[in-house]
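So the structure is just underneath, and the comments pick up after that.
Chains here go by letter, A, B, C, D, E and F, matching the order in which they are written, and residues are numbered from 1 within each.
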Amino acid sequence: MGNTQVLCAASVEESVPPFLRNSGKGWVTAEYGMLPRSTLTRTEREGSRGRGRGRSQEIQRLIGRSLRAVSDLEKLGERTIVIDCDVLQADGGTRCASVTGGFVALALAVNWLLKQKLIAENPLQEYVAAVSVGRVGGQNLLDLDYAEDSQAEVDCNVVMTAGGKFVEIQGSAEHAPFGKQDLDEMLALAWRGIQELVRWQKRALAQKK
Amino acid sequence: MGNTQVLCAASVEESVPPFLRNSGKGWVTAEYGMLPRSTLTRTEREGSRGRGRGRSQEIQRLIGRSLRAVSDLEKLGERTIVIDCDVLQADGGTRCASVTGGFVALALAVNWLLKQKLIAENPLQEYVAAVSVGRVGGQNLLDLDYAEDSQAEVDCNVVMTAGGKFVEIQGSAEHAPFGKQDLDEMLALAWRGIQELVRWQKRALAQKK
Amino acid sequence: MGNTQVLCAASVEESVPPFLRNSGKGWVTAEYGMLPRSTLTRTEREGSRGRGRGRSQEIQRLIGRSLRAVSDLEKLGERTIVIDCDVLQADGGTRCASVTGGFVALALAVNWLLKQKLIAENPLQEYVAAVSVGRVGGQNLLDLDYAEDSQAEVDCNVVMTAGGKFVEIQGSAEHAPFGKQDLDEMLALAWRGIQELVRWQKRALAQKK
Amino acid sequence: MGNTQVLCAASVEESVPPFLRNSGKGWVTAEYGMLPRSTLTRTEREGSRGRGRGRSQEIQRLIGRSLRAVSDLEKLGERTIVIDCDVLQADGGTRCASVTGGFVALALAVNWLLKQKLIAENPLQEYVAAVSVGRVGGQNLLDLDYAEDSQAEVDCNVVMTAGGKFVEIQGSAEHAPFGKQDLDEMLALAWRGIQELVRWQKRALAQKK
Amino acid sequence: MGNTQVLCAASVEESVPPFLRNSGKGWVTAEYGMLPRSTLTRTEREGSRGRGRGRSQEIQRLIGRSLRAVSDLEKLGERTIVIDCDVLQADGGTRCASVTGGFVALALAVNWLLKQKLIAENPLQEYVAAVSVGRVGGQNLLDLDYAEDSQAEVDCNVVMTAGGKFVEIQGSAEHAPFGKQDLDEMLALAWRGIQELVRWQKRALAQKK
Amino acid sequence: MGNTQVLCAASVEESVPPFLRNSGKGWVTAEYGMLPRSTLTRTEREGSRGRGRGRSQEIQRLIGRSLRAVSDLEKLGERTIVIDCDVLQADGGTRCASVTGGFVALALAVNWLLKQKLIAENPLQEYVAAVSVGRVGGQNLLDLDYAEDSQAEVDCNVVMTAGGKFVEIQGSAEHAPFGKQDLDEMLALAWRGIQELVRWQKRALAQKK
């Protein structure tokens, strides 16, 4: 995704949030952050006075939901996998890169759990990846970089499984409401991007074996 | 929207955020909150330790973007209209009710600005409303109440203009990824709901004249 | 109380604060908040940076103390009743309206506990209500509205039982210290107001039966 | 006031809060804090997580109002006097000690302003002091210490001028509502205490000359 | 240490931080604060918006480490001694005064524990004290006051035991890096100061017997 | 420094902190953070509830002071260079790595300012680097890794210039106070390490030309 770099790491914790205690089910959650100098001009460090926390929380909830959508939480057992997505360099599409890379980190953690015989069956049911599409200058584009994103009329993040089903669609038209035809075209573009991203995820996982 | 009640109020402030100063443009923004006893069991008051702030911020950004999408900010002049959406009673669909009711509050404020001759032209280009659709027990439904929402396989909030264009689509499938056919059916349902909501908005505004 | 509107809700929670655990006693507490647009000009939303929290906390402590003063906490058993007082519209006297309306909410919750046979005896020993008195332009007045309140020389909130005993007196003379004679006259006025408020409380409770 | 020790300091700042800018008027405000080991058992340091801030803010607002009630803010000119009241040792009555000692600090600051010819006339119109009264074991008492205060049925803080006028009355009966006769007796006791405190204030100021 | 006054108090708490539970070991920790009017011009009260917390935390960690370095935590048993160091008046060297006075408070608490037979053996292995040294105007000086400290080229805080061993050295040269010869001379000066401070500590403890 | 990885970035901002406005002088400051998964077991993300902020602030103040000690702030002009040091992987010595790498980032920013002709003369007077030394198992060691650091009796961070002068010495003996001879040996070791680090800094800067 252009020059975007996101460091994705998975941590296995032998506990679950309160609402899952004694349910036999596990949890997958995510945290997202940007380094202050990941952006073209420096952004203030998060956490100092809650600035920017709203956007980060929105993104980390999206990542968590996307990864849980392909996870059988019962097969995971009562443990939590935390996915940390930290943006080292931002050039558009950081939330999509986080979902896509976060899935790879999650799969690596799951492989480790299987190898350690801590779980018996793979809880991951399908590959999941995310890509941005949008309309810029009247044209529908796949995988917007920062320059395109900042002038887009429509901006849409699509999370899909390798089997072509939708997990999340977040489309937003701050500058120009869009019709059904445009939506259809953008979703078709997204599907093309997702297929390529899944190929890259498979390659990354194959290298780690 | 079922038993949901949201108090929507518009306030005109004669200032704009820093990034718009001396641009001649105005701004429309929103704040969203839930009273602790708006829910079936009491929720902790927001603000005490930042709980629930993530969800609220996500919602208020959605409301703001939706209203700005139909506003010509240059016609507004350098002022801000703040829309406060406070949930008195929650029975599903509070964010959709906030967009729909927030538009009415915004329109009333704009009418007041026109009457006061503070602005010359109406900055509102179209009516905008929002509705939830989702899949519950394998069926696609319009306007989910709390009981339906909490067991939905797919949950989708759609913001549309009176002219049938999309402003925001936020579809999320935590439990079961969905295909294109389901998406199309849900969006068709949403459009039916939007048309009815716009009729109600018009009735509400007519009463105030 | 003029155009003041406060939404009062009672919630029963089956737990008590740490200092009462295993004491067999219950607790009555209150929380107070103002919607940003409850005031003539919009006030910033509470909780964002702790603004206004001082005043709110002072008021919710007053409400809690007033309601506990007429409650036999042993008869309540080890549970907490939380009274939420949220100001929808403020026209002076919001703290008095909160005590007066909060008592009605408390009584409704107690009736429900009795009907569910969760408690055997009514813990409420007396009706309690609150009213403001003050001196404006040299005259002692009952139940000040916002305009009177903001120019009052003396401002006094009085919480009394239906039997005419004092629960709280908070008199404050920022602009002109006052003598004993004025105090006596203001307290007599307050007593007149309290008697009327108790009649209204009884009517409200009768309707709910 | 028993073993209570409060360090009171006045600071003159050549600025006023925003609502007084260009009004020609000054401001008197107070801050109040307790050292963690001022109490019999250590209390957590304020500010770490906002604990105890509610009570402190309530007290510092009382101190500020009491001191402003005897100050002609126009004679002070556009400057602020901040009174810091820090409790080194707490044995009941810290808020009363803070008002009483805070007035001495304020008077010293005013004397310095007069000597520096920064102001032409003394803005202090009267001496002001505060004392606690209460009912303990059925008896009305003056100046409660910590042991008495913690078992009081009625607890009342009274701020009065040297001329016998009331500035603040904060009476609270958490355990047993009280009648008018008791109130009158407690206020008479308070007046006796105030007169003695004013004598001590005069002595303290005389020593500093 | 010039006109610096720090109130040091020790509190014994029958609990330990989580990482020491069931270890049989105790803990010694410190908290440090400055009253707003301890400085020549008033500083904002700590805790209001986290200002100045960084410096205070740094200092309280130094005090804690210094006192633990001479404490046998096993002899203390599973309890915590909290040392509160509150600066009433600041004229340079407040962190050194806090370590030196904090040790006296700690020793008094230990004596009380021994007298109460709560511990069998004295956990304090040595006296510990702290002093500042620095280079001002090209000269190495012992115990800098506020005026010297604010123009020092090198500022060094040294914590030593009565036996002449180092516990902490914190030397900082913001304006002019310094050579080994200067370091040696400053450390020799510090040792002279420490010996005198230990004599004062012994005198203070002797008076309390 | 072992497996420690710190991302250091410099940002030039055309403004200075309030106390330097209109002084003609610039400022160099630093911020320090650790990614949650930089440590062997995941640490909670900073900023959520202020955890770990104390340690981070202490470190960033050290980095800032160290870099300012070799900077002629007048030659920098009224601008600020912010150095962000973010730990991607932590294996001991992260604060030393931050000073050493932060200097390289600072030098790159200065070279850019010179090339852009925004400043006329190089404000950097000398190379500066930092290294840890300590006593582990009775032996004095250079550049402790995480395993050594966590069992060190003495832990000392030394910041020195290429010319062999001291900028900062932070020595701490939580477990065993140390004598002058040990200090001298540790400082000699540090000097050896600093010389090697400066060679690496020169190599890094040479590559960027």
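Operating definition for what follows: contacts are C-beta pairs under 8 Å (C-beta built on N, C-alpha and C of every residue); 3 or more make two chains touch, one makes a residue touch a chain.
Keep in mind that this is a model prediction, so the values were computed, not measured.
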Neighbouring chains common to chain B and chain F, by label: A
Other chains in touch with both chain A and chain B: none
Label of the chain whose CA centroid is most distant from the centroid of chain D: A
Copy pair chain C, chain D: interface residue numbering same or different (half cut): same
Far-end chain from chain F, centres as C-alpha averages: C
Where chain E and chain F are represented by their mean Cα positions, the distance between them in whole Å: 26
Intercentroid distance (Cα basis), chain D paired with chain A, Å: 57
Length of the line joining the C-alpha centres of chain C and chain E, rounded to whole Å: 49
For chain E, residues contacting two or more additional chains: none
Category of the chain touch graph - line, ring, star, complete, other: ring
Residues of chain E that touch chain F when the two form their complex: 50, 53-54, 57-58, 61, 65, 68-70, 126, 156, 160-161, 163-180, 183, 187
Complex contacts: residues of chain C adjacent to chain B: 7, 9, 11, 13, 31, 33, 35-37, 41-42, 45-48, 82, 84, 86, 88
